[in-house]
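Presented sequentially are two complexes of chain A, the first with chain B as partner and the second with chain C.
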Partner chain A sequence: MPKTYTPIATTTLGSNSTSVSFTSISGNYTDLVLVASPTTLANGEQFTMTFNSDTSSNYSATYLTGNGTTATSHRRNTQSNIIVDYYGAVDTTVKTVYIFNIQNYSNTTTNKTILITSRTGYAAESNVALYRSTSAITTITLAGATFTTGSTFTLYGIKAA
Partner chain B sequence: MANTYEAIATVTVGSGGAATMAFSSIPATYTDLVLKMSLRYSASGPQDMRLTFNGNTSAVYSMRSINAAGSGTPGSASETAQTSTWLGSLQGVTASTFNNMELYIPNYTSTTTAKSISTDNVNEANQTDARSFLVAQLWNPATQAAISILSISVASGTFVQYSNATLYGIKNS
Partner chain C sequence: MNILGIIASSKLGDAGDFESIATVSVGSGGSSSISFTSIPATYTHLQLRCIGRSSRNQNNGYAVISYNSDTGTNYSYHALTGDGSSALAQGDSSVSYQTLIYFPGALRGSNIFGVGVVDILDYANTNKYKTLRVLDGYDSNGAGYSSLGSGSWRNTNAITSITITEYNSNAFVQYSHFALYGIRSA
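== the complex of A and B ==
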């Protein structure tokens, strides 16, 4: 296995926090993988993802969701952030699993596509989001929920060669 | 540069087949586990696969899933208080065709929190009942424990020769 799955930064919350950010992300990799395993202050809290502190209407997403009873699909266009999951949400006690794959994050010629695996006690989801910006991603922010102590967030860099 | 995505062990099924595929004595030196599998079974028709941790068969497993078969309406299902957790089903109809599956288990060494698992399971078989499964699972034992044993079984039949599974460890530093 090539040594290309490199931890860039990890955050384990020592106290509750309403946002988690990774800043000054270098352009040394091809793709980014963010693994989050949070709990939240209240049951059912959803959270959002933004890049480069950009809250313009540059985000869209398509959701594929199974809540245990029915399977559905949804869309959000021209949004100021990415709601990470449509039906799934974080829990107060059970750590959930989120994996974000951010391809070609450092290129300055194309928009950025993000694959989101969301597996919670509320739903199993596989979602795709678009960030319509040709800027390299240097900052990732997760917000919109109160993440509680012990939540973990790790950003990895993937090199194609 | 640290090597943070390491192969811990590989299980490959021999010519006699195997009823289960298991990893034991999983070291606690990583942050997360990834299990990648290529599986086929010996019986006919779709067969469910199940997963247990640490030999625990108490009713402490639950899951929610979404699945699609290529036609009709995608489905969703859930289970609570099970003695093992569902991984989706295997298809064994088309010869020489194996199912692909990946599990991601963050914070598997925690002794204070339940373990959430993400599973992607796909089986394309060039026939009408190929399926894809996305599953969120939870193992929530009475006493939380690090995962040291992982065992996968199929409801009927056995895993056939050349089925294989590799367990990887991921370090966050």
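== the complex of A and C ==
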């Protein structure tokens, strides 16, 4: 069987940055997996995800969160981006872990559904987001926070038989 | 690539390799169930990555999983699910399927599909029962579910086939897609 979990690109920040983008993503894979381990300039910063530079109100998300005390669920509708956490957030020193599963990203028939798991100092979350577009995803942008030096972001492609 | 950070090699593949075993894409007629058969025992874990929507004339449809054509009540599952307003713990024992994956039903907006990532751990081990974990859900801009779950199959046989069925005897609609992968260890 051919190996099929392929790193597409990795960004390790050499200086602070307010956004990280993966561009010109080919349609050669079935799913994308983005693994992010950022730190931020201030404690408690949340960040966003957008696709194809689309900042119109085409995003929504359902959140499942545990903050150490209670499990709760929340929703954000008709947003101009995906706020990737509800309670979770990034800190100045504690590297957090985010895994984004972006399945069937290059199909041009269906809207795109994204699974987001995050583990931060504030909460553990398992979230699902919708991008209401049938366009193939060719660009992913993370923004809304100041990511600091040493933050890592790796995009993988998975190709089904 | 090596996804576990372990470097080793064998005749069949490298440790940590993630390999595509088979894929089923549902066609225009829909399908009430799909199966992966003759799954080799050459991997350590399996991962099922699915995208789906149900023809059920309700808000939600569900996909359930069974193994080796076992339709006995040898399965159980637990899940923590968020519906956008509250978190709900649910589960069942002695049922004929291992887990529920939330897919949107026909009453949800068109072109909206749910997704799931299912890890079936140590699937070929003949000394213990089989456990899976799953992340799944969908959002339809005003409704939806996010869920994480686990399931058990009380059987020590190696898993050689997997059947995914629309729980309410409806169908998975066109563009639903199920892909099975194998993960090697050292």
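Please note the rule applied: the second predicted complex is superposed on the first by the 159 of 161 C-alpha atoms of A that agree within 3 Å, B and C clash if a C-alpha of one lies under 4 Å from a C-alpha of the other, contacts with A are read in each partner's own complex, and residues count from 1 in each chain.
Rule of thumb we're sticking to: contacts are C-beta pairs under 8 Å (C-beta built on N, C-alpha and C of every residue); 3 or more make two chains touch, one makes a residue touch a chain.
Only a predicted model underlies this, so the values are computations on that prediction, with no experimental measurement involved.
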item: Partner chain in contact with A:Thr134 - chain B first, chain C second, else both or neither; value: second
item: Which of chain B and chain C A:Asn101 touches, first, second, both or neither; value: second
item: Which of chain B and chain C A:Ala123 touches, first, second, both or neither; value: first
item: Broader residue contact with chain A after superposition on the shared chain, chain B or chain C; value: C
item: First (chain B), second (chain C), both or neither touched by A:Thr10; value: first
item: Which superposed partner A:His74 touches (first chain B, second chain C, both, neither); value: second
item: Contacts of A:Thr110 with chain B and chain C, given as first, second, both or neither; value: second
item: Residues of chain A at both interfaces, chain B in one complex, chain C in the other; value: 1, 3, 5-7, 64-66, 70-71, 117, 126, 156
item: Residue ranges of chain A touching chain B (in the complex, touch as defined); value: 1, 3, 5-7, 10, 35, 37, 64-71, 88, 93-97, 99, 117, 119-126, 150, 152, 154, 156
item: Residue numbers on chain C that touch chain A, as the complex places them; value: 1, 3, 13-14, 17-23, 49, 51, 80-87, 89, 109, 111-115, 117, 135-142, 144-148, 175, 177, 179, 181-182
item: Interfacial residue positions of chain B with respect to chain A in the complex; value: 1-7, 31-32, 62, 64-68, 73-78, 104, 106-107, 112-114, 116-120, 134-138, 140, 170-173
item: Contacting residues of chain A [partner chain C, same complex]; value: 1-7, 30-31, 60-66, 70-75, 77-78, 101, 103-104, 107, 109-111, 113-115, 117, 126-130, 132, 134, 156, 158-161
